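Following this line, the structures themselves.
One chain, chain A, links the two complexes that follow: it is found with chain B in the first and with chain C in the second.
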Partner chain A sequence: MLDAFVQGLVLVLQWKAFAFMLAGIFVGFWVGLLPGLGGATTLALMLPFIYNMQPVEAFAFLLGMHSVVATTGDITSILFGVPGEATTAAIILDGHAMAKKGEAGRALGAALASSLVGALIGAAALAAAIPVVRPLVLTFGSPELFMLAIVGLAFIASLSAQGARGMVRGFLAGGLGLFLAMIGQDPQAGMARYTLDTLYLWQGLDLVPVLVGLFAIPEIIDLVVRGTSIAGDAPAGRINRGALEGVKDVFRHFWLTIRCALIGTFIGITPGLGGAVAQWMAYGHATQSARTPEERKGFGQGDVRGVIGPGAACNSKEGGALIPTIAFGVPGSTSMAILLGGFFLLGLVPGPDMLTKHLDVTFSLVWTIVLANIITVAACFLLLNRLTALTAIQGHLLVPVVLVLVFIGSYTSNSSYADLIVTMVFGAVGYFMVVAGWPRAPLVLGLVLGKIAENYLYISVARYDAAWLGRPVVIVLLVIAVGVVLYPIVQALRARRSHG
Partner chain B sequence: MAKQTSLGLALAIMALAAWGIYSALDWPLKSKLFPLVIAIPLFCLAAAEALWVFFAKDAAASASDFKLSQDQSPEVARRRTALAAGWIVGFFVLVLLLGFPIAVAAFVFVYLKLQGKEGWLFSAVFTAAVWFFFYGLFDLVLHMHFPDGWLFGGFGGF
Partner chain C sequence: MKWKLALLGALLPIVAAAQPNFAGKTVTIVVGYKPGGGYDATARMLARHLPDRLPGKPTVIVQNMPGGNSIIAANHMYNVAKPDGLTLGTFNRNLPIAQLTKVQGVKYDMLKFAWIGSAANEATILAIRNDLPYKNFEELRKAKEPVVIGSTGPGANTHDFPLLLKDLLSLNLKIVSGYSSSADIMLAVERKEVDGRAGSYNSLKPFIDRKLVRPIIRARSNEAGIEQLPIDESFAKTPRAKAIMALRSAPEVIARPYVLPPNTPADIVKAYRDAFAATIKDPALVAEAQKAQFDLDYTSGDEAVKVLKEVLSQPKDIVDEFSKYVKFGE
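Showing the complex of A and B:
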């Protein structure tokens, strides 16, 4: 095993594989920065180029590209409030708020450092899980996966607003997300639901135009209203000085970073949930780390823990998602499904062979994730001053450029003008939610989890009737969901008692 | 403002949920189970929020989310918000009529001139830079297809 571990590193460090990895990192760097252009789309576009490559070279190229997309996606999210990737939306809430306070450097430093720690933990989990992965994945059937979706929603709905009324609004936004997820063809009977007789809506609402509208449009409007740069009146020198402080923040909240990275890894391992869920669950957990309701009010206003949590989870999920892909050929996400295609193109069959005969190739994947992230984070730190300077550019120069990127990013998801209409509609919804003080995070998570939850609920009921409710892991997850909902209430009662 | 917006959102969600429930009643059980399980509580939660707006004396705590800046007077903020919405919708109309390649150049130039009050030369150079970035990346490198606008190529793109 140790031989294969070292052999994996040697394989990646061969000049050809290393050069392909650098090329992949270069592509992934820019794909992550541009809103709308997703990692999965780019993986699919790059797949035809691997035909003539050796397996290690091909995976160094593909995985090198894919594993840095989330890291650089964080940069766009923090600096402009526009999600660089669907998986980097949660970091906007506190990251962009920090950029507006003139702390872009600190936010980027924290995001990059937590991304690196997350990626290393995800890769370590992949390496450690190789011998023990089978029983872990088999513990989770449809009932457990359904309950996991419910726990995720309970997490974010109860923690993204304060007080009983805040919780109602959180669940209302989550419910709206679940409702919107039902638009399109029903997966069981093939019935067209809430499609308004339009062909575009048959496949359901695409996440990218929704996210871009929900988060970017209110930011653009606010930038026009303020009439200043993103960093406003913050002194220019302060903007880029905080990067080191951001790195220190990650080590100040090291256990939070580790816990969020583990959440990301776990969500990554779980087939079907994906990175869009991991970031929000990690954000919910970061919010939960606030000890008092007053401390929790700081989230959304630029609390660095709201950057560290999603940053760590987003990158750790890649290592986690590779576990079922390699061990069983069960992809954990769309990107992993495309990567699985890469395995077959190269004549590799995921399963026991990858854990025995091709163990060195499997470990080369672990090393690719580690090296690609180290190289990207180092490159980002070198460019940090130039990147943070973007927040000092006057708003009237940024608005047209960002709006062009928003429209193109949204249009690229389905190459349809209807994507632009969806972006504008959700831009209006996002703006009104911000004005009314409603949380947007539960809406996104509801939208992401809706189809997954419906599928798993249907399979659970069809397979076990009501008996699925009695399964041990389901009961544990149910208790966690109830605990998550009750926790803020208990916290508020305790605070009231200590004040009174 | 927050109160009225919250009420408006709650009423809109109530209407959406009611329509969702009504539409689902005719569907087979497999298709309607989940919509009903979601839409009925959604209607109740929206009604609770609407009642809260009517009867609550103190304002609700705001969410852990982005807050709009309060630096400008409400009147200026309202005017600029309407202006921003106008630019966004205007760009969309330009894209529909002229197609992305022309609309990008036209929008950036007009925005810089009218909203940014920039000079002719700066606006032209900046627009050219943005356009070449757009054209170079999305057309030359990624070979993405952008249909002609309705003025040139019919009603394509939907």
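Showing the complex of A and C:
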């Protein structure tokens, strides 16, 4: 085992594999930065290049590319409020708010450092899970996956604003999200639901145009209305300086970083939940760390913990997602499905063999994730000053560029004009939600988890009738879900007692 | 050297005719799905190999046009794309079924496309867990306890094939639908949540080789390695049941369909048919495809049209009966 662990590192450090990894990182860097152009699409485009490579070189290239996409996606999210990837939307809430306060440097520093810590923990989890991976993945059947979705939905309680009114708004927004998730052909009877007689909506709402509309459009309107730069009146010298402060923040909240990274890893391991979920659960968990109502109110207005949480989870989930792909040949996401195609091309058959005969290749994957992230984060820190300077540019110069990115970004998801309409509609929804003080996070959580919850509930009942409710893991998850819902109430009570 | 000769053979008849020339042009393959699946992978492979065999060696690129289970792409090919040989399309093999059952949004007539052919056929099989006591179809037929089959949903072969086995051949199956992909069902098989799944032989083969599941029965479409499996139609009790099963499996022979827009000039169609045939039959490409776990099988444009005519000329009572079981989707 230890042999293979070292052997894996040696394999990646061979000059050819390393060079291919650098090439992959370079591509992934830009893919992550540009909104819309997603990691999965790029992997599909790059797949033909690996025909003549050795397995380790090929994976260094593909995985090197894939594992930095989330990191650089954070940068776009923080600087412009435009989700660079569907998986980096949660970081906007506090990350972009910090940028608007003139703390872009600190936000980026925190995001990059937490990304690195997250990636390392994800890779470590992948390495540690190798001996127990089969029982681990097999514990989670459809009933357990359904309950996990419920735990995710329970985080709506934490993502809502404080007080009874805030809660009601949060749950209404979550309900709207669940409703939107129902759009499309249902998987049981094959009926088209709420498709407005269009073919476009037949396969459901695409996440990217919705997220881009919901988060980017309100920020752009805000920027135009203010007529200043993103960082507003913040003193010019301050913007760059906070990067080190951001890194320190990560270590100040180190346990939070670790916990969020573990959440990400865990979501990654469970196939079928999807990468977009991890960031929101991590964000929800980060808000729970607020000790007083005043502190809680700071979330959404630039609390660095709201950056650290999703930053860590987003990168740690990649290590986790490799686990079912390697051990069972069952990919947890589109990206992993394409990576799986890469395995076959190279003559490797994912499955038990990867944990014994080809263990060194498996460990080389772990090392690729680790090295790629270290290199990317280092490169980003070098560019940090240039990047943060963007927030000092006058709005009227910046808005046209950002708008182009926004619309190209949403258009690439289906190459359909309807993508643009969806972006505009959700842009309006997002704007009015911001103006009226409704939280957007619960809506996204409902949209992301709605279909998962529906399908796994159906499967659980169809397969086990009511017996699934008695499964031990289901009960544990139910208790956790109840705990998550009650936590803000406990928090409020505790705060009142300490005040009284 | 051999492939060069084959190339020459493929090109000679074109030289004789008034030949189209694609030199310096860009040809687009419109794919009705997002990147990542089998349709997209096949198109990207063709985009690499087709240019060498087309007159003038054009650049060939892939454009993904997902949505509506690829009806959007077919509508585009039928109504928007110009018949100049610079756009070809590939889409869901079940689109003829959508046309037959009059699905809303269909704005194409499959028979009017200029058919190039198909790059693969998909043999649908049912496979169940190796540790179940049923070793073959006869034993499965006598199953007392329902055998649970996972499916992704109506319209997919993971769903429709076992559904017909259950309803028309009275197999004791319980179909549980809603899994997000066939890979997801495979994981459910591993953890014994379900007893088996239906799907293309190709996608199930690694798991059959690994002895996780065993194949039990197949649809009409054939592939090397499963010839000995019984065919569902041979157990049909009535001609009508047989017709319904035949109708469901008919499009599987044209599993990776390639078309040009309607009214494309005959010389362009011929150039594509020849290039396509030479590409799909190229042993080097077949080997490359096998490495990537998909089989290439050539079906000519004429044969594809024959299959379509058979599908689209079904009498109304069969179509009505068929629609009760099978919904177009995925």
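Heads up, the rule we're going with is that the second predicted complex is superposed on the first by the 496 of 500 C-alpha atoms of A that agree within 3 Å, B and C clash if a C-alpha of one lies under 4 Å from a C-alpha of the other, contacts with A are read in each partner's own complex, and residues count from 1 in each chain.
Note that a residue touches a chain if its C-beta (ideal position, glycine included) is under 8 Å from a C-beta of that chain, and two chains touch if they have at least 3 such contacts.
What you see is a predicted model, and the numbers here were worked out from it, not measured in a lab.
Colleague: Have a look at where A:Tyr200 lands relative to chain B and chain C in the superposition and call it first, second, both or neither.
Modeller: A:Tyr200 sits against chain B and chain C alike.
Colleague: Touching A:Gly437, do we find chain B (first), chain C (second), both, or neither?
Modeller: A:Gly437 contacts chain B only, not chain C.
Colleague: Output check: A:Arg463 vs chain B and chain C. Expected answer is one of first, second, both, neither. What do you get?
Modeller: In the superposed model, A:Arg463 contacts chain C only, not chain B.
Colleague: Is A:Tyr487 contacted by the first partner chain B, the second partner chain C, both or neither?
Modeller: In the superposition, A:Tyr487 touches no partner, neither chain B nor chain C.
Colleague: Looking at the overlay, what does A:Pro324 touch: chain B (first), chain C (second), both, or neither?
Modeller: second
Colleague: Applying the document's definition of touch, where does A:Ala189 land relative to chain B and chain C: first, second, both, or neither?
Modeller: Both partners, chain B and chain C.
Colleague: Looking at chain A, does chain C or chain B touch more of its residues?
Modeller: If we count touched residues of chain A for both partners, the winner is B.
Colleague: Is A:Tyr51 touching the first partner chain B, the second partner chain C, both, or neither of them?
Modeller: second
Colleague: Touching A:Gly427, do we find chain B (first), chain C (second), both, or neither?
Modeller: In the superposition, A:Gly427 contacts chain B only.
Colleague: Once the shared chain is lined up, is A:Ala337 touching chain B (first), chain C (second), both, or neither of them?
Modeller: After superposition on chain A, A:Ala337 lies in contact with chain C alone.
Colleague: Taking the stated contact definition, name every residue in chain A that is touched by chain B in one complex and by chain C in the other, in rising order.
Modeller: 45, 186, 188-189, 200, 415-416, 454, 458
Colleague: Which of the residues in chain A end up touching chain B in this complex?
Modeller: 34, 37, 45, 81, 92-93, 96-97, 100, 159-163, 165-166, 168-172, 175-176, 178-179, 182, 186, 188-189, 191, 193-194, 200, 217-222, 224-227, 232, 287, 296-297, 299-301, 306, 394, 396-397, 399-401, 403-404, 407-408, 411-412, 415-418, 420-421, 424, 427, 432-441, 450, 453-454, 457-458
Colleague: For chain C, which residues are in contact with chain A within the complex?
Modeller: 34-36, 40-41, 44, 48, 63-69, 71-72, 75, 104-105, 148, 150, 152-155, 174, 176-181, 183-184, 186-188, 190-191, 193-194, 206-207, 210, 288, 291-293, 327-329
Colleague: Within the complex, which stretch of chain B touches chain A?
Modeller: 1-2, 5-6, 8-10, 13, 16-17, 20, 23-24, 27-28, 30-31, 33-35, 38-39, 41-42, 45-46, 48-49, 52, 56, 60-69, 71-72, 76-77, 80-81, 83-85, 87-89, 91-92, 95-96, 100, 104, 107-108, 111-112, 115-118, 126, 130, 134, 137-138, 142, 144-146, 157-158
Colleague: Quick check: in the complex, which residue numbers of chain A touch chain C?
Modeller: Against chain C, chain A makes touches at 40-41, 44-45, 47-48, 51, 137-138, 140-142, 185-190, 192, 197-200, 202-203, 271-272, 324, 328-331, 334, 337-338, 341, 344-345, 347, 349, 351, 414-416, 452, 454-456, 458-459, 462-463.
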